[in-house]
Amino acid sequence: MEWTTIVGLILGFASMSGVLLLGKTEASLATFVDPPALLMVFGGAAAVALIGFPSRQLQNLFSILKKPFLSRLEEPSELINELVSLAELARKDGLLALEARAWQIRDPFVALGIQLAVDGTRPEVVAEIMNNEVEARATRHREAKKIVELVGRCGPAFGMIATLLGLILMLGNLENPDTIGPSMAIALIGTLYGALLANLICIPLGEKLSYLSHEELLVRQIVIRGVLAIQAGDNPRVVRQKLDMFLPPRLREQPYAQAG
Amino acid sequence: MEWTTIVGLILGFASMSGVLLLGKTEASLATFVDPPALLMVFGGAAAVALIGFPSRQLQNLFSILKKPFLSRLEEPSELINELVSLAELARKDGLLALEARAWQIRDPFVALGIQLAVDGTRPEVVAEIMNNEVEARATRHREAKKIVELVGRCGPAFGMIATLLGLILMLGNLENPDTIGPSMAIALIGTLYGALLANLICIPLGEKLSYLSHEELLVRQIVIRGVLAIQAGDNPRVVRQKLDMFLPPRLREQPYAQAG
Amino acid sequence: MEWTTIVGLILGFASMSGVLLLGKTEASLATFVDPPALLMVFGGAAAVALIGFPSRQLQNLFSILKKPFLSRLEEPSELINELVSLAELARKDGLLALEARAWQIRDPFVALGIQLAVDGTRPEVVAEIMNNEVEARATRHREAKKIVELVGRCGPAFGMIATLLGLILMLGNLENPDTIGPSMAIALIGTLYGALLANLICIPLGEKLSYLSHEELLVRQIVIRGVLAIQAGDNPRVVRQKLDMFLPPRLREQPYAQAG
Amino acid sequence: MEWTTIVGLILGFASMSGVLLLGKTEASLATFVDPPALLMVFGGAAAVALIGFPSRQLQNLFSILKKPFLSRLEEPSELINELVSLAELARKDGLLALEARAWQIRDPFVALGIQLAVDGTRPEVVAEIMNNEVEARATRHREAKKIVELVGRCGPAFGMIATLLGLILMLGNLENPDTIGPSMAIALIGTLYGALLANLICIPLGEKLSYLSHEELLVRQIVIRGVLAIQAGDNPRVVRQKLDMFLPPRLREQPYAQAG
Amino acid sequence: MEWTTIVGLILGFASMSGVLLLGKTEASLATFVDPPALLMVFGGAAAVALIGFPSRQLQNLFSILKKPFLSRLEEPSELINELVSLAELARKDGLLALEARAWQIRDPFVALGIQLAVDGTRPEVVAEIMNNEVEARATRHREAKKIVELVGRCGPAFGMIATLLGLILMLGNLENPDTIGPSMAIALIGTLYGALLANLICIPLGEKLSYLSHEELLVRQIVIRGVLAIQAGDNPRVVRQKLDMFLPPRLREQPYAQAG
């Protein structure tokens, strides 16, 4: 589902290439590669991240940044099916029967919950441990988003700094008028990088991180409710009803008319 | 009622054309059409939407974006009249008599509520199902608004990026001074597109989406109250009083002086 | 009291004229009138308002925009005097005696409240009807302020769009170097209009609308409390004490030392 | 203690003068005095304040703006000493003994509270009157801060408007190329004024107003608690303990180790 | 752990130097040192801090600003180990036995808590004193962050003011065209300084201050809970369980599976 992130990035850069093709210039994309500006903008972005956040958060960043590209979001309806089938098993053969099937559970958070339930942990402790885990994960997501936002906020400034450096060097040495144009062109590339870093990457990526995080927390709430319902020995049909409440209507198993 | 959106857009673009006419130049509107800038600004906007939001939300976007143009907002007072006449029928001939008239109900949300009531669903379940539906719809609206806002926020940056690309290409190749002016003119068209996309389209459209969504949720609250009152067998006059509370004073059936 | 709005607007435009006088140029104010820029900025502002808000809100706008210019804000202390004298009358001759004096009441909101009380409406219904009225009015004020803010937010962009249009036309046609200066001057007038629309008109007007609205709601709260106290047959001295609580200390009838 | 405001303003303008000295130009500070730009920026700022706020608030502004320059903030610890010594007197000789000493009380708010207590006002009325007074003062502070913020927000725009006026006049009349440089220099002075007004004066002054207001309200809370404790006949040691809770630890009479 | 702040600052300035090296100009870093611009930007920043905040807060600033560079953040897990070992001692030899070990306690906040407990202070007083201390510290942190943010907000404006001063001086004296380029280069250095001050220093430093402050408050919450648990004579294993709740899961002593 997360192919949109990659398609979006490709589309953004393809649009830039399209400008060159449509513009009928002989210029190639290489015109827009300027190592000093790259160094300034990406060095500055890294500097800002290092100054603004402790190393522990920066380490989390990479594992979280993979998400908008790689992770396949758990479909809530599949998850509910799995929890309902676990509830059926628990209802039929007892809670301990789940232990034999625990290794088949794909989602590690469901597996943790089932394990806790099988071990006879008291329900309120199960809930506290699982909520704690969810809260810790939410904090890591918020922190990753904050880093992306800080870089997005300062990125254009480092682009402008690269441009200022270029202009200052150029203006200090105007002897050869022929080089003014190309020097200014190169100076402006810094501004271009800063604008792309912020507007094509950081701002929309922060938005998707925030969405994915919200979605994941919703899914985990479903799991917590499901595990507690299984532990309580709820009827599988009741389990499904309870969990369906979290879904948008069109994804629910039972249409309205029969729900009454 | 939503003709204002279309009139506004026409007025915005007509003002631009008027500038040309009043400006007494021979330039035609074609001067302001620049395919590379169009590609950059609209490609960038699409890229930002794809990176920032998952495909499910983007699909919702189009059905919601039609609203400010096409949808006719349910007049709350008409809706109240319909609910009151349903209440009269239920009072006279019993709840089940509504089933025969259900197919005449224009609004699908009213129809859903009446169907649930006729089916004998318990009132608290009716309320939960209908509120759930309203909440899901509110979420879709909020998400559509977020997409429009993100594009409005990044749009000017992509306009500036188009302009930067144009300037960089021009400055790198200054041999023919005669082309400098026209090249700069074309470069500036990108900034123009970005400013129009954000200020004429995204920012005001987001405002109207937010208004329409708020209005629609109000209307649905009226429906929920009405259906529950009908199910409770309330006197039609009481139903009207309860629902009138939601209306601004001038739209109410009963003037104040007699309300006491 | 609202003369400040008009004085402020005059001062703002007088400052601009003063710049011309002090600048010792032969230029007249006519230099700063540019019909195309006027069309673009005010056409754009109107377009934004139409796209962003439904027609019903736009109709309210004009009646509310008069306020910062025309309306004389009810002095809370005069209003309290009137309510206290009504309380005295009600105490002496009974509630019905107020009916004879109702036509003398200048403020329609006080008149509505007295009418409701005289009609024997139950106090909680009086409170609900009057609060409803206040809430509807507060909503209209908030919406008018939102329109002014939206125009203030997009106004500078339309000024810039007017300037961009001028620059693009000029740069596309550089044959006669003598016209470059005047063309740029005219292009910049758009930016000037946008800046004035936002900073001299919309932003401060939005601030005053918000102040007037807040003040008016305070006054209406006093009226509601007063009417309810009159209806409850409170001693006029108690009525004054209750209402004085809403006033800033220096406007109160009774100085502190005697208040105990 | 408020000398920092004056030192800061002097430092800001001294830095500007230092730029001239270090810059080794023959230019004097007079280069930076441009009456038309002064008129535009300060006239515009006054216009914005008049349009945005009613006359009553503008009158308050001046008495509140003196604070960051003149007022000596009541030291909370001195105030607590005074309240404790009043508590001792009341404990020893009765509440009425305070009347004789009331004229010695420097702070009018303490005097008001003691007067109310001596007059036998009921404690809840004392609290309401004093809180009302504090609330009215807090409102005046918030309003003064809003005016400063509005001017700080619109100030740079009026600087830009002054510059635009200068540029438009210059560009419309380019006959003498020798005057272009000086004309542009003068035009830019407007932008300079706007930036100074906002960044050197309004924004930091608003920050200090907000701090002073917060501090003053804290001090008044201490007074209210103290007066109520005196009126309740609390032991002076208990009065001190109660009031010390409001102080940052290092200013307290009793170090921690003995507090237990 | 806070080496990231220093590495980030070095990286930021190294990127600027790298731009010069990669740019193959003969310009040295000295090109970018301009005393007047330095004076304007840092004098302006100091002025803003003095105008915006009282001297007491400015004094706190320096002790707090050291933190992102020097302070080693207490590892929560080490602290928990120390509290648990104190709990063991208290359990074995009684609360008073802690007094002998108090001088070994590295963290002064833990020492304060233990001292209060040993002195027989009532638990609610211990909690109030310690929370008060934490609150006072949180306030100092918030204030330090506010100063950094204000400087970060106004910094770019003082950079622009330095540039405006340079441009105005240059434009007023255009006789020698050869000096225009270098003069503009110098003028732009002010903008460069302002951008660096805000984006490389103030904005990310404010972010880290906010993080460190949040982390420190968390650590102090752990200490308060620990001291109260020790005072209550809790079993050391229970003390660890209570405190582990504050840690992210991976840092806890006991893995989940055994926690039940």
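All chains are identified by letter, namely A, B, C, D and E, in their written order; residue positions are counted from 1 within each chain.
Rule of thumb we're sticking to: a residue touches a chain if its C-beta (ideal position, glycine included) is under 8 Å from a C-beta of that chain, and two chains touch if they have at least 3 such contacts.
Please read these numbers as outputs of a predicted model, since none were measured by experiment.
Trainee: Which neighbours do chain B and chain D have in common?
Mentor: Per touch definition, common to chain B and chain D: C.
Trainee: Could you run down the chains that neighbour chain D and chain E together?
Mentor: Both-contact set = empty.
Trainee: Rounding to the nearest 5 degrees, give the angle of the rotation that lays the CA atoms of chain A over those of chain D.
Mentor: Value: 145 degrees, nearest 5.
Trainee: Distance from the CA centroid of chain B to that of chain C, rounded to the nearest Å?
Mentor: One centre to the other, that is 28 Å.
Trainee: From the mean C-alpha coordinate of chain C to that of chain E, what's the distance rounded to whole Å?
Mentor: Distance between chain centres: 45 Å.
Trainee: In graph terms, nodes being chains and edges touches, is this line, ring, star, complete or other?
Mentor: Basically the chains close up into a ring.
Trainee: For the complex, give me every residue of chain B touching chain C.
Mentor: Counting only chain B, the residues touching chain C are 1-5, 7-9, 11-12, 14-16, 18-20, 22-23, 25, 27, 31-32, 68, 73, 181-182, 184-185, 188-189, 191-192, 195-196, 198-201, 203-205, 207-208, 211-212, 215, 245, 248-249, 256-257, 259-260.
Trainee: Which part of chain D faces chain C closely enough to touch in the complex?
Mentor: It is residues 35-37, 39-40, 43-44, 46-58, 112, 115-116, 119-122, 125-126, 128-129, 132-133, 136, 139, 146, 150, 153-154, 157-158, 160-162, 164-174 of chain D that touch chain C.
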